[in-house]
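Look for chain A in each of the two complexes below; its partner is chain B in the first and chain C in the second.
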Partner chain A sequence: MKKPVLQAGLLTAALLMALPGVVLYLASYFWGAWLLLGALCMLTAERLLTRGPAEVGVQARALLAKAAMPVEGICLALLIGAAIMAVTGHDPISSYGALFYGGLVKNWDVSVLNATPLIFTALAVAVAFHGGLFNIGAEGQYYVGVIVATWLGLMLRLPPILSLPLIFLAGALAGALANVIPAWLKVRTGAHEVVTTMMFAYAVATLSPIFIRAHGGDPSMTDHPGATDTILQQSQLPVFKSVLPLANYRLHFGILIAIVLALLVRFLLSRTNLGFKIRATGFNPTAARMQGISVAGITMASLLISGAIAALSGVTQVVGLDHRMYQNLSAGYGWNGISVALLARNNPVAIIFASLLWGTLDAGGQYMARTVQTPNAIIEIIKGVILFLMLAEYLWTWLSARLRRQRVAA
Partner chain B sequence: MMQALAMIFTPQLLEATIRLSTPVTLASIGAMVCERTGVTNIAMEGIMLMGAFFAAAVGYATGSPWLGLLGGIAGGMAFSLLFAWAAVTLHINHVVAGAIMNILAFGFTRYFMNVFYHIQGTSPALPVTLHNYKYAVPLLGSLPVIGPAFFNQTPIVYMSLVAVIAWAWILARTRLGLSVLAAGEHPMAYETLGRSVPRIRYFGVLMSGLLCGIAGSFLSIENSNSFTEGMTDGRGFIALAANIAGGWRPLGCFLSSFFFGFVDALQLRVQSSGLLRIPSEIFLVFPYVATIAAVAGLVRGSRPPAAVGKDFTIEGEGD
Partner chain C sequence: MRRRRTLYFSLHGQSGDIVLSHLVTPDESDRSSPVLETRGITKVFARNIANKDISIQLRRGEIVAILGENGAGKTTLMNILFGLYRPSGGEIFLDGRSVVFDSPRDAIRNGLGMVHQHFMLVPTLTVTQNIILGAEPVRFGHIRYREAREKVAELAGRYHFGVDPDARVEDLSVGLQQRVEILKALYRNARILILDEPTGVLTGIEVDELFTVLKRLASQGTSIIVITHKLEEVKRLSDRVYILRRGVMAGERRTSDVQAHELASLMVGREVVLRGRRAGSEASPSPILAAHELEVRSSRGFMALRGCSFAVGPGEILGLAGVEGNGQKELADAVVGLASIEKGTLVFKGQDISRWGVKKRIMAGMGTVPQDRRGAGLVLPFSIEENLLIGASDLPPFNRRGFLDFSAVRRNGEKLMESFDIRAPGAAASASTLSGGNQQKVILAREFSRAPSFLLVCQPTRGLDVGATEYIYGRLRDLRDAGAAVLLISMELEEIFDLSDRIAVLHEGRVVFEKPASQTTQAEVGEYMIRGLAETRG
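After this line comes the complex of A and B, so read on.
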């Protein structure tokens, strides 16, 4: 057989195995992992065939080196978490047992559900970061997405094939609009986007009860204090259970949309003209200006794109999981999105995995609190410590610089 | 209509303004000092939260609000030390490090609420708070309008006024003030004089920790009697904005914090007077909108310290 044909065959096989593998695994059909493993083997075989063993070895080592730092950071954070638990009188071993059993096996569907909105908000933060901006108010744009999706979900009487894309589009547009004022102020007056987007987030969150009351929410009612009516059936995302009968009934297709969006953002940043300009502006605005890039335009563009993606997070949450807007929905997806983006070093594909880790820690933390009574706030601390240690490369440069100075002095 | 206005603009409005602006004033002075030394501090929200928690925890454990205040200061300063280590010693991007500190603070306070009291939400109430130590300055306290607002207040309100005056004096008249300004304007020049930029930046961050610790204590053991999760409600960020709107000057910080306090007090008053029949949320949003307006409108007139937010290494020749 000719080489190109074999190569194409291997790639097709890998893809055909990976896609169902991902879907099955996410739906708690854990044997999907075998398909993923198979796809990985196919991919490796294809690489070996085209590039030769030496280069594959180099690539594999580079990937391992890249993954080493996060893994070390996570392990160290878990150790510190264990120390805090031990000091405050909780058994670390049984706690962690419950944490990982709950997060990765028993309630894996909750982990996936937790990860879905995080992928969006983290991508939003990452796009802005690449452009040298800090969209700290992703939480506010999330609220905007939730409001738009709930409103349209209650109003639109269209077949799902029209209704859902329309809701996603409108949500993204509204999220971008929410960032127009901060972006414009940044460009015109230099007002720091950290302050303006944050204040917008507080403002939207404060105003949202007005919307809830206007659409069925009644704080005096006991069964649904502060939640809107349920959105119409045709505006709800399909669930995994419609295809895979054993999947959890709440698990919706939002995670797949999130993964596709992550790949799109990766394409945008690394393969398109706009993405290049965004990264150039973030890396060195002066140099970008010298190259004829409109820094103001790119600043606007990256904040608007960021707002749109963050709003999609809220849209997905409404049409997929909640089907309504809750008053105290502050699940902190905006804040956690920042953490995930930092953990993934703003790499769109890494964001998928980092979000799943975050979702797992949350879901496992709840399971742990229920079963072995270790307070799940410890999860927040572990997350914070992971982030702190993720920046361990700075620790390393600091230590080596110190050693060098000492040697010079001696 | 006139009657309605008279109901809102009472002498008590000024008093409420001062009270509500106190935490913002303290934190914005902290932000000012910190940024003047060249460190952007968005961790203040978290530092304030830690201060509020430890003030309530120590105050509840010992029964003395004064020890609680010390606890709040210690908590705020210890937490800001961690931030200083990350931002100055480890050279982590200031904004990134600050964001992480905020996340850590939320986690720590929630966890220790659980460990100490086995409850979520609100900590047990202190029997005696600093509000019980209201002190009227003799003579001045009996002045009309100004008297009750400025000279018949609780301890931390006085502290915030002292902080403003003290820092105005330090920056304008002392060697320390000059060091603070130099480190933020031209760190390399400062280092060339044989002084240590990292040391003065640590000082700046710790000062913001001290002031935010007091601000947090105000929230938990003076303005109320317990700690509530997330009780800072964005005041750390508002203080950051107040500092920017105040042009990185102590008096400016005070005036813009005063403005936010005024908006807040007005909001409460108009809302409770029931004069306007519109949803109360419209009023709650005032301070946030005012912050955006202030940052957008006033930022043009002033200039931030030249080296603020920039990492300093001797190898990197100061930028």
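After this line comes the complex of A and C, so read on.
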């Protein structure tokens, strides 16, 4: 195969620009966007050279068509939000100005922090969905990850280079273990995973105060009795500020781990034998079984992988941001992950963007409530409408078909 | 809405034998002028022409068949007639007047009734409730149920339908459910009935009954269009037949003047050969697959196979005939490895495989073409190449230490598409977009590509047109000639006789009859299928 030097060079350059671009942009160095743009241009140039303009055009149009529905849905939801604001006596223009200024510029770091755990939980839900399973208990596996990370973070006295990978590994294992019982029940008795994983989620959430009691007791924490001690320094994830001095001091490398994981999940599902079997089983278990695929084994595998990824969400949150476990912090990342996975239609890469959107709406909403006093609840309404529109896709198909018919008739 | 119904009842009050409607021409005696006519109907979809310049005529009391392979444009034409599609060109005439239907509702209002291949009935409701659903006779906000029930009973009685108006639809046989659909159309004053592949879901006896009912309807003035791809039905049922091929009219014939093979050639566009078997095939001394006294429970708990024994030798097709529900499903599951064998043994090439799993059997050289190709054979959202990969994804060249080599997958897909004549835009096309024949070819390609020494084939041509059927029969014969053993399970006697070297009959979980195909007749096999062994002896 001849792969000319020029194309290879373009690809390398694109990669070399994209990587720092992403890191800079996430750390609120907005000029990183120029690097991303440059990378995009080089990638397009490379595609044009290897594939020719016709195929690139087709691919671009397919991508646009894919993105059109969610984008239109989001715009429509924002319009509905504006109408509600107008009716309830808030100025939509200044409110949205505050929302987007707050979410995308001023408090972009908060948006990124919000998005990080969501990417993990949404990926967890998506993997299970691809296998035809509904891991509704991602919240429980999140708690498992939090508990394991806190415990190891308090105990392990190792250099960070060993400590952190160990914590991530242990958290993932524990999350997978948390799903062993639901998966086993599903395979053996057919007990539905929605029920079993959800029950498990509540059990873990209810038992977690015992763990907090056992590891709390810091005299200086009398104001916050519902929290464990702070985990050791060497178990904390590095922050962007350590390399980029202007970044927010709380912003940690978890988002990069999340993005890498999303790419890994995409690779797993589309390029590996296991992923292929998961998708085959998810779409049609009967056909998979007829072809000798062990449906029980695949069900087990996808639920365990899902549990592991969901637990990583909790691990990242503890070692990256919280550095301890709170009792009353009902984050709801597990439940929100389901929404994000639906919004992204279980596409791992789309999950990154959907999570950032969710994070932006949350961060911007708080900023909006603080600055122009438009209530935050409107953001929840907008999120609800977006999800509703995604789920009502068939309604959309029906409408467009009808419009087309009328146009033909006219 | 209510006015229309009042009209309906008054009309039925005075007319004894004709289903009238407000559009019936005054000149009732003129039987030669068409009730329904299309002139130059053309329908263009985004990329292809589904119908090109189609003109048909339907007269009062006439049964017209529209014959064509899958994808010939039959269903498009019917959807145009029924107001689901708008034609790109051409006109529809009803009693000589040009009409445009905007929706099925319009078509129904003008006296058209459609019986779809898949019934649109609510299983938990009664016959009457199903029939009036959407056209309830309402007065002061109450459904006049008793009146409706009488009407249904009267209609059912008039045409000898044998349908109890109070029976729940879920308790009815498929044949009776279909008659409920026909009643539904008649209740709405249909004088033109369109039936889409009406016999696809029926058993032999039900088909006979349906034909009797349709002929009776026609003799009393209803005009009927039957869409089908089965030649034999055209001969038995229709007065005239239009043959469609790739969207154009390939011919029109009086059914009484035409031979089946002429119809087949018109439909496919060339000469067709279906039969062809080896003479005098005897049971082989060293079978590839042998079952000894198999006992297998059905999913509902009763013993469905009760001592079933048979053997298939190399280079032979054993056809297993039988009425549906006599243990075919359980036998297929037991051979594939999905059902557990409670007693007896299954021996493959001398090894007892009764306890083997599905995958081990496939790896040993057993293949399956399942009865439900969309539900059990294919993963519909997957592409053709992915469907060809299922079950082989553990093996080289596709699998490289857990990672899939997609260029190998693509090469395999393209190679098999070519050698099995799978017609699709490319190997990446989704299996759900393929026609039934091409879907079946994908399954055949996958099974054949593993060079099986035994192949289980269940109802391989159900719902397929003559061209695809011929192709699949040819491939199965090639496999047999290459020395493989083929077990064919089919409810269709025609198919069993077209394909088998030896024929056996499954009755109530046992093989009650077995003979070389050349030494038996359809009548003899049919007798065993219905009566079983003991009764036939006694």
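Here is the rule we go by: the second predicted complex is superposed on the first by the 386 of 410 C-alpha atoms of A that agree within 3 Å, B and C clash if a C-alpha of one lies under 4 Å from a C-alpha of the other, contacts with A are read in each partner's own complex, and residues count from 1 in each chain.
In this section, a contact is a pair of C-beta atoms (placed from the backbone, for glycine too) under 8 Å apart; a residue touches a chain by one contact, two chains touch by 3 or more.
Here the structure is a predicted model, which means the values were calculated and not measured.
S.K.: Please work out whether A:Y249 is in contact with chain B alone, chain C alone, both, or neither, and reply first, second, both or neither.
M.R.: neither
S.K.: Would you check which partner chain A:G190 touches, where first means chain B only, second means chain C only, and both and neither mean what they say?
M.R.: Touch partner of A:G190: chain B, not chain C.
S.K.: I'd like to know which partner A:W34 touches here: chain B for first, chain C for second, both or neither.
M.R.: Neither chain B nor chain C is touched by A:W34.
S.K.: Among the partners chain B and chain C, which is in contact with a greater number of residues of chain A?
M.R.: Comparing touch counts on chain A for chain B and chain C gives B.
S.K.: Between chain B and chain C, whom does A:F283 touch in the aligned arrangement: first, second, both, or neither?
M.R.: A:F283: touches chain C, not chain B.
S.K.: When the two structures are overlaid on chain A, which partner does A:I293 contact: first (chain B), second (chain C), both, or neither?
M.R.: Second partner only, chain C.
S.K.: Report for A:F134: first if it touches chain B alone, second if chain C alone, otherwise both or neither.
M.R.: first
S.K.: Once the structures are superposed on A, label A:L342 by its partner contacts, choosing first (chain B), second (chain C), both or neither.
M.R.: Only chain B; A:L342 stays clear of chain C.
S.K.: Tell me which partner A:R271 touches in the superposition: chain B (first), chain C (second), both or neither.
M.R.: second
S.K.: Going by the contact definition given at the top, which residues of chain A touch chain B in one complex and chain C in the other?
M.R.: Common interface on chain A, chain B vs chain C: nothing in common.
S.K.: For the complex, give me every residue of chain B touching chain A.
M.R.: By the definition above, chain B touches chain A via 42, 86, 89-92, 95-97, 99-100, 102-104, 106-108, 110-111, 113-115, 233-234, 237-238, 240-241, 244, 279, 281-282, 284-285, 288-289, 291-292, 295-297, 299-300, 315.
S.K.: For the complex, which residues does chain A have touching chain C?
M.R.: 271-274, 276-277, 279-280, 283-284, 286-294, 405, 408-409
S.K.: Can you check the complex and tell me which residues of chain A touch chain B?
M.R.: Contact set of chain A toward chain B: 84, 88, 134, 136, 181, 185, 189-192, 194-196, 198-200, 202-203, 206-207, 209-210, 213, 335, 338-339, 342, 375, 377-381, 383-385, 387-388, 391, 394-395, 397-398, 401.
S.K.: Flag every residue of chain C that touches chain A in the complex, lowest number first.
M.R.: Residues 86, 102, 336, 338, 357-363, 368, 370, 372, 375-382, 386, 389-391, 393-394, 399, 402-404, 406.
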